[in-house]
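A, B, C, D and E are the chain letters, set down in written order, and residue numbers restart from 1 in every chain.
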Amino acid sequence: MTETDGYILIALFALPLGVALLLMLLPSRERSALMAITGLSSLVLFGLSVYIFARYDYTSTEQFQGVVAWTWLENVGFLGERGIQFKVGLDGIGSAMVLLTGIVILAGTWVSWKIQRRTKDFFILLYVLVGGVYGTFVMLDMFFFFLMYETSLLPMYLLIAVWGSTRKQYGAMKLMMMLLAASILIFTGIFAIFTEAGVGTFDMEVLYAAEYSTTMQKIFFPMIALGCGTLGGMFPFHSWSPDGHAAAPTAVSMLHAGVLMKVGAFGIIRLGIQVLPEGAVYWGPALITVGIVAALYGAISALQQTDMKLMSGFSSVSHMGYVFVGLGTMNVIGMTGAVLQMFAHGIMTALFFLLIGGIYDQAHNRDITNFSGMAKQMPLWAIFFIIGSLASLGLPGLSGFIAELHIFVGAFRSYPVVGGLAILTAAITTTYLIRMGAQVFFGELSPRWTGLKELTWMERAGATVLVLSILALGLWPAPWIDRIATTLAQTIPGVSL
Amino acid sequence: MIPLEYYLVLSGILFALGFYGVLARRSAILILIAVELMLAAVSLNFVAFASYMDAELFTGVIFAIFVITIAAAEVGLALGIVLRIFRERRSANVDEASSLKW
Amino acid sequence: MSDLNFNYALLLPEIILAATGGIVLLSDAFRRELKLGRNMLPWITVAGAVLATLASVAQAGIVEDFAGIVLVDAFTTFFRVLFGLTLAVVVIGSHEYVAKQIRGQGEFYTMLLFATVGASFMAMSTELITAYVGIELLSFSLYVAVSLAKSDPRSGEAGLKYVLLGGLASAILLYGLSLVYGAAGSTDYATIAKNLSEGRDGMHAPLLMGLTMVIAGLGFKASAVPFHMWTPDAYEGAPLPVTAVLSATSKAAAFAVLLRLFGGPFLPAIADWQGTIAFLAVLTMVVGNLIAIQQHNIKRLLAYSSIGQVGFMLMAIVTISDASTSAVLMHLGGYLITNLAVFMGVIAFYNQTGSEEIADMKGLAETNPFLALVIAAGLFSLAGMPLLAGFTTKFILFQAAAYGGYLWLVGVAVVASTVSLYYYLMVIKQIYVIQTDGSLLDPQAHDVVVPRWRLTWTGYLTTATLLVAMVVVGLWVAPLAHAADSAAKALFG
Amino acid sequence: MPMDQAWLLIAVPAVTFVLVALLNPVLPRRGDLIVVLALASVVLMGLGIIADFTGYFRGGLFTPEGANVFGFDWINIGQGLFVIQFDTYVDGITVVMISVVSIVALMVAVYSMSYMHGEPRYGWYFALLSLFATAMLALVLSGNLLLLYFAWEGVGLASFLLIGFYWERQSAAEAAKKAFITTRIGDVGLLIGIVLLWRQAGTFNIQEIINFAEAGGFSNTYLTVAMLFLFAGAVGKSAQFPLHVWLPDAMEGPTPVSALIHAATMVVAGVYLVARMMPVFDLVPVARDYVLYTGLVTAVMAATQGLVTSDIKRVLAFSTVSQLGFMFVALGLGNVTAAMFHLFTHAFFKALLFLGSGSVIHATHHQEVDQLGGLRHKMPITTATFIIGSMALAGVIPLAGFWSKDEILHAAMTDGPLPVYLLLAGSAVLTAIYTTRLVLLTFFGEPKDHHAYEHAHESPALITGPLVILATLATVSGFVVFSSVGRMLGFPGGIGEVVFTHEPHAFVFDIVFAGTAVASALAGIGIGIAYWKGDAMRAVRARQWAPELHALLVNRYYLDDLYQAVIDRVVLGLGNVVALFDKRVVNESGVDGGAQTVSWFGMRLKFLQTGRIPNYALAMAVGVVVLAVMALQSA
Amino acid sequence: MGGAVVLNRLPLPAQLDRTVTTGGLLAGAIVTPPLIALIVLRVLGNISSAQMVWWMLAGVIVAGALGAVTLRNVVHSALALIAAAMGLAGMFLLLASEFLALVQVLVYGGGVAILLMFGLMLTNATEDPVVIDGSQKPFAAGVGLILGVALTAAMLSANWDASISTVVDFRDLGARLYRDFGVPFEVASLVLLVALVGAVAISRRDNDDDNDAEAAS
C-alpha cells in the first residue's frame, strides 16, 4: 500500500461521517435523495473496502501500510513531541476487518430502507456508527483509536431505543451501559500504557516499541482484555448481547453483532496483545478458559431460546468465545483462526439478523415455535437461512469452518482438552441450529403465515452479498489467511509460531 | 505581655460557638448572627496575627477591615432575601424554606 | 510600599465590565428619561462583555503585575476570555427569558456583570485579600441574581440557602485563610510560597487546619461534596441564566482560585493537602453522579452532574503540575462550552414550554429536532462521548491525572463518568425515544407530522454556535489546548 | 485418463451442481439430463482412471506416494507450519470406491428421472445428486485428511438435504435433523482425531501420517486415542452402534437417495476411512479391536431389528446397518480386502434392493409390508431383480454377496475369536431370514390392500433398466474375487491383489467353509419361507410369540427413546439450567442488580438532601471536622 | 403599615423592664466573681494590667457569643452579639489597632445592630419573637465542641515564636489600605453596591416592577 492508499483509509471513516453530516442538512421528506445518498455511499464504502483489502501487501515486511500522520496536539501538558497524532495505517488484521465492515454496511444499508419512521435520523446514526468502526480499524494513535471506538458506541442507544423492537429501552440501556462500563477498563489501560511508556505520545507504533515492566503488563492486560472483551461478548459480561441484539433494528443488529463485537476482539489484539505481549502470554490460559466457557455457555443457552434473535445473540456469544480461545492460544494458527472467526462470524451473524429482520418486519413474531414449513412460503429466506446456519455450525466449504478449524488446531497445539471442547461446542451449535431449522423451515406450513411475502429485493441483494462472502472465505480463504497470518507472525512479539 | 495563643484560642472558641449557632438555630436572622460571630473570630485572628507576626506590613488588619465591611454588607443582603422569603411564606424559619430538596 | 504609578490599563477589562454594570443600572433607572426601552439592556451588557473580552485578548502577551496584588498573564487572560464569552453567550441566549421571568432587569444584568468582575479578580489575584474580595463580589452578585426570579417562591428560597450557607462557607474560608496567614506570615502568594517552602517549625498544625478550612471554603464555591448541598437547590431555584452562570463562571472562577492557590503558594505543602483533596474528589464524583440518577428536574440534574464534573476537575488539583493544570483548563473550556450549550437549549425549551421537567421533553426530537440535537449533543459531551468536546478534554484531563500518578483516582472517575452517562441517557430517552403522546415509536409505521416550533434567532445563534464549538473542540482541540497550556505554563513558570 | 487428472471427477459434478442449483428453473427438463450426462462422464472418467491405475499397477510402478497428486496449497501458514493442500490420491481402495460411487450414482440418476418425475423441486433434487457425487468423489479421492473431512461434511450436507427433501412432512424434517445431528456428533470425533494426528505428525497428508506412524512418531496411547476419535467419525457416518439410530429414519428421503446415499456410498465412507487408515489402526490393536466389536454388535443388533420391521425401506436400512457391521468386523480383523470387497458387492445389491423397493412404492404408494403382497403378478421385473438382490444379500452362491460375505466370515473364523465368528454367522442367518420375510410379504401371498394392488403396475423402463443393470452387477460383481476375472478386467490376481494395505490378499476358496455358509443362508431362507409363507396372520403370530422381545426389537432396543430422553432431560435440561443461570444470576443479579444497586444508592443519597439549611450546614460542618481530623491525624 | 403599629410590635417597655432587671442581676451575679478574681490577681502582681483587661474582654466576648447563640429571645441574641462585638473592639485596642476598633464599633454597634433589629422587627413582628432551636442541636453541639477542641489543640500545639511589636499607625494603615489595596477596596465597594442594589431589588414586591406599565404604554 502506498501513502495514497492512506488517504483512502481516511476516506473510509471520513465518508460515512460526512454522509451523516450531509444527511443532517437534508430535509427529512426527501426520501429518494436519502436512498440515493446512502445507497451510493454504501457502494463506495464497499468498493473502497475491497480495494483496501486487495491493496494490502502481505509480502511486505512493513507492519502498517498506508501510514499517513498529522500532528494533532503536541508539546502540551504531558504530551511530548509527537503527542497525539492523527495517524492512520493498516495491518493485515485491519484489512480483513475493513473488508468485513464494507460488506456488512452494504447489506445493512439496503435493508434499512424499509424503515419508515425518522429514516433520515436512523441513517445519520448508522453512518456515525460505521465511521467509528472504520476509524477504529485504521487508527494508529491510541487517542483516536479510543475516540473512534467510542464513536461507534455513541449512536447505539438511540438506534436501538428508537427503532428497535420488544424490550427496546431495556436492551438499549443495558447495552450502552455495559459497553461504556467496559470501556472504563480500556480507558484506564490506555492511561497506564501511556504513563508506563513515558514517551509522551499516543502513537501506537512508538508504544509497541516501548518497554513495559512485566508487573504492569500482568496488571493491565486483563483490564484491556476485559474491557474490549465485553464488547466482544466475553462471558460473563455478555449479557448485553442477546438482549441488545434482540431489541435492535435489523441493520443495527447486523452491524453490531457483525462488526462492532469484532471491534472488541480487535481491541484486544491492538491494545492488549500487541502492546503488552508478556501480559497476554501470562493471561493466555485465562483467556482461553473464558473463551471456551463462553463458547459452551452460549451454545447451551442458545439451545433453549425460542426467540430467533435471542438465539442468534447467544450464538454470537458462543462464536465470540471461539475468538477468545483463538486469541488465548498465543500461536499464529490459533490467532489467525480468531481473526478469521471474527470475519466469518461477522458475515454470518449479519446474515442471520438480516433474515430474522426480514421475517419479523412482516410477521411481528420471531418465536421459533410459532413457525413451521416456512420453506414453502419463503423459500429464498429459508435457503439463505440454512446457508447461514451451516456456516455457523462449521460446515466445510463455508466460512465458519475455516475459522474454527484454525482455532481448533491452534488450541490443540497447546491445550488439547480445550480444542476438544471447542469442537464439541460445534456439535451443540449444530443441535440448536438444526433443531431450529427443522422447526421453522420444515414441516407443514402454518396457515397463520400464508400471508407472508418473500424477502424484498433489497434483502435478497443484501443476503446474496453476505452469502457470497461466506462462500468466498469458505472456499478460498488464502487471501485472508495470508494477510492475517503474516501480520500476526511478523508483528506480535511473544507469539509462538 | 499577652501571648498570641490567648487570642487564637479565644478566636477558636468564638468560631466554634458561631458554628454551633449556625447549626442549632432555626431563624435565618439568628443564623446570620452566628455567622457574624464566626467572622468576628476571623477578624480577631487576622488582627492578632498581624500584630504579632506581621508588624511591618500588618496585612491582617487590612484583611480584617475588608472582612468587617463585607460581613456588614452580607447582613444587609441576607436580610433583603429574608424579607422576601418572609413575605412569601410568612416565616423566617429556615426549616420551612425547604420546598427545594432531593 | 510601592508608589502610585500603577498601570491601570491592566485592569481595563474589569473596568469595562464594572462600568458597563453602572451604565446598565443607570440606564435602567433612567430609561424613561433616556427614552430607552429595557430591550437595550442585554445588548449593552453584551457589548460590555465583548469589549472586555477584546481588551483581555489585546493584553494576551502581557505578563505584568498590578501593585503586587493581581497579575495579568496568560492564565488571567484565559479566564477573562472564558468569563467574557460566557457572559455574552448567556445574555444573548437568555434575554427573552430574562424579559419575562426576572424582576429588575437592570439589576439582573448588573449582577451578571459584577459577577464576572469578581470572577476575573479571582482568577488574576496573587494575593489573598484580593482573591477574597473577588470571591465575595462574585458570590454577592450571584446571591442577588439567584433571588431575582419573578413570582417564583423557589427563587427566594434558593437565594436564602445560598446566602446563608455562602456566609458560613466564607467564614470557614476566612478562618482558614487567617490561619494560613498566621502560619505563612503573608497574604502575598509568592511570599507564602517562599515561607512555606522554608518550612517554619511548629506551625504545622495550624497550617493544616488552615488548609483544610480553605479547602472547605473553596470547596463550597466549587460545590465539592460535602460542601455541595446548596448547589442543587440553588440551581433549581435560580432563574435559568443564573443557573448557567453558576455552573460556568462561578465554577471556573473557583477553580481559577484553587489553581492559583494550590499551584502556587500552597504547593510546598502539597503533602498536607493532596490526600484531603483526593478524598473530596472521590466523594464528589461518586455522590454527585449517584444522586443525579434520581432526578427529574433538568436543572437539578445538571446541578448534580456539575458536581460530578467538579470531582473530575479536582483530580487535577490533586496531581497539580503544569501538565494537569493545562489539562484541567482545557477541560474547563470544553465543559463551559458544553454546559452552556445545554443551558441555552434548556432556556430555549423553557421559553417555549415553561417547563423544566425532564419528562416534558418527550418528543422534542419531533417538535424541534435542532434543539433536540443541541441538548443531546451537549449531554453526550458532558458524558464524555466522542466527536464532542467532552470526550477529548475529559480524556486529556484523566490522562493527566493518571500521568500524575493517581491512576486509581482516574479509575474511580471513569466509573463515575459511566454512571453519568446513564442519567444523561434518561434525558436523551425522553427527547428522542418517547414521542409527544408518550408512546414509543413503532419503526414500521409511517411518519406522523407533528407540529414544530422554532427558536428565536438569538436562540439559534447561541445554540448553533455552541454546538459548532463543541464539535470543533472535540475534533480540533489544539487551539484551546495551547491556550490552556500557556496559561498553565504561566502559572508554573 | 491419467490419474493426476482425477480432480476432474470432482470438478465435473461440482460445476453441474452450481449450474443446476442456480439455473434449474430455466434449464430444459430442469437440468436432469445435464446431471445424468455429467455422472455418465464421471463413470467414463472413472473407468479411465481405473485403466490408468491398473496400467501402473501392472507395471509394478505403483507406490503409495506415487499416486498422490499435489494440487495446490489451500491454506499455508508460516511457511509450511500449517498447510492444507488440495491433492488427490489413487490406489486400490480408491479405485473400488470410484467404481462403486460413479456407477451407482449414474444408475440412481437415471432411475430418478422417472421415479421423481413430477415431484416439486425436481431440478433441486438433481442438483443435490450432483452435489452428493462431488462430495463423495472428493471424499474417496482426497489425499489428505482435512480435505477428506471437507468432503465428509459435504456428503453429510447432501444427505441431510436429501433426507429432508420432502420437508413438508414432519417426519422427514425430524429424520433429516436426526441424521445431521447424529452424524455430526461422530464428525466431532473425526475432526478431533484428525487434529490430534496433525498435532504430532504436523501434516494432514494421509500417506505422510501413515509413514510417520509407522516410523513410531506417535506414542501408543496417543495414537490409540486419536484413532478412536477418528473411528467415531466412521461410526457416525456408517451408522454403527451407538450412532446407528439415524439411518432407519433416513428412509424418509426419496427412495433413490436411500439407494445411493444410505446404502451404497455415503454410509460406507466410514468403512473407507478405516480401510484407508488401516496401516495406522494396525499399530494400535486396542483401537482395531474396538472397530471389530463395534461392527459385531451392530451387525447382530441391526439384523434382529430387521426381523420385525414392517417398512420395506427400513428393513433394508437395518440390513444396511448390519452389513456395514460385517465390514467393520472385517476391518477390525485387519482384513481390508474382505471389507472393501463386501463394500463393493453390497453397494450393487443393496442399491438394487432399494431401487426395487422404490419401484414397489412407486407402483403402490405403500411401503408397509403389512399392506403389500402378491405383487409378483403385477411387477415381474421388479420381483425378479428384487429376489436376485435378496439372495445376494442372503449370501446364496454364486451371487455377489456370497463371495464377499464368505470372505468376511472366513476372516472371522481364522483371525478372530470363535464367538465373533459364531455371532457373525448367526447374524448372517438372520439376514437370510428377514430377507426372505421381506420378499415373501411383498411379492408373494395375498394382497392385503386390494385397492393398492389393483392400481399396481410394472414400472417404466427408466426404472427397470437400472434394476436390470444392477441385478446383473449383483450377480457377477462377486467374481472379481477370482484372479482370472481380475486379469480379464485389466488387473491381475483378483480384487485381493489390488485392494490391500500391507500385502496382497490371495483369495482362498474353502469348499467346506463355503458350504457351511451357503447352507446357513439356505437354512435362513428356509426358516423364513416356513414361517411367513402365504399367511398374513403369521406376522401377527410372530408378534404374539414373544411380545416382550418383539416390543424390544420393534422399539429398536429402546435406544431411540434413550437418546430422546438424554436429549430432553440432560441436554435440554442443561440448556434450561444454563439459560436460567444466565437470566437470574448473570443478568438479573449481576447486570440489572448492579444497576439497581447504583440506583438504590442514588436514591438513598438523594434523601440526604433534605432541603433544610441547618442540615446542609451540618453536612458542611461534618465535612470540615472530618477533613480537619484526618489532616491532623496525618500530621 | 403605620409607624405606630411598628412600634407596638416592638418588644418594648414592659418586657424590657423585666429583661433588664433579671438579666442585669443575673449577669452581675455571674460576672462579679471572676472580676474580683482578676482584680485580686492584678493586685497580687500575678498578671499585668493588659492581661487583666484581656481576661475581662474575653469574658465579655465569650459571654456575648454564648448569649448570641443560645438565648431564646432573638432580640436578646442580637444584643448579645453587639456585646461580643464591643468586646472584640476592645481586643483590637489591646492589639494596638485603634482604627479597627473604631471600625468595629461603628459597623457593629451602628450598622449591623440596626440592620438586625430591623430584620427582626420586620420578620417576627406578628408572632412571639421567641424562636426555638432546631432539632439538630445535639449534633451542632458535638460538632462545635470537636471543632473548638481541634482548633484549640492546633493553636496550642503550634510554636508561635512572636511578640507584639508595633502600634499600627493610622497613616501607614491609610497608605496600605488605599494605595496597596486600592483595587480590592474598589472591588469591595462594588460588593457593597451589589448588596445595596440587591437587597432593594429582592425585597421589593414583584408588582413594583413596572414591566406591566411599560407593556401597556
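Following the convention adopted for this analysis, contacts are C-beta pairs under 8 Å (C-beta built on N, C-alpha and C of every residue); 3 or more make two chains touch, one makes a residue touch a chain.
Not measured: the values here are computed from a predicted model.
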Subunit D reached from subunit B - shortest hop count over touching chains: 1
Touching both subunit C and subunit D: give me those chains, sorted by label. A, B, E
Winner on contact count, chain pair B-E
Please identify the chain with the largest separation between its CA centroid and the CA centroid of subunit A. E
Quick one: most central chain, C-alpha centroids? A
Farthest chain from subunit C, comparing Cα centres? D
Rounded Å distance, subunit D centre to subunit E centre (Cα mean): 103
CA centroid of subunit B to CA centroid of subunit C, Å: 26
Go ahead and note the Å separation of the Cα centroids belonging to subunit C and subunit E. 34
Can you check how far apart subunit A and subunit E are, centre to centre, with Cα atoms defining each centre and the answer in Å? 71
Which subunit B residues touch at least two other chains? 8, 15, 18-19, 22-26, 28, 31-32, 48, 53, 57, 59, 62, 66, 70, 73-74, 77, 81-82, 84, 94-95, 97-102
If a residue has to touch 2 or more other chains to count, which residues of subunit E qualify? 134, 136, 139-140, 143, 147, 150-151, 153-155, 160, 176, 181, 184, 188, 191, 194-195, 198, 200, 202
So subunit D residues touching two or more other chains come to 595, 606, 609, 611, 613-615, 617-618, 621-622, 624, 628, 632
Going by the touch rule stated at the top, which chains touch which? A-C, A-D, B-C, B-D, B-E, C-D, C-E, D-E
For the complex, give me every residue of subunit C touching subunit D. 160-161, 164-165, 168-169, 172, 204-205, 208-209, 211-213, 215-216, 219-220, 225-227, 229-230, 232-233, 272-273, 275-276, 279-280, 287, 290-295, 419, 422
List the residues on subunit B that touch subunit E in their complex, please. 1-10, 12-30, 32-34, 36-37, 40, 43-44, 47-48, 50-53, 55-59, 61-62, 64-66, 68-77, 79-84, 86-87, 90, 92-93, 95
Listed in rising order, subunit C residues that touch subunit B in their complex are 128-129, 132-133, 136, 140, 143-144, 147, 153-154, 156-161, 163-164, 167-168, 170-172, 174-175, 177-179, 181-182, 185-188, 206, 232-233, 236-237, 294
So in the complex, the part of subunit B that touches subunit C is made up of which residues? 8, 15, 18-19, 22, 28, 31-32, 35, 38-39, 41-42, 45-46, 48-49, 53-54, 57, 59-60, 62-63, 66-67, 70, 73-74, 77-78, 81-82, 84-85, 88-89, 94, 97-102
Considering only the defined contacts, which subunit E positions touch subunit D in the complex? 134, 136, 139-140, 143, 146-147, 150, 153-154
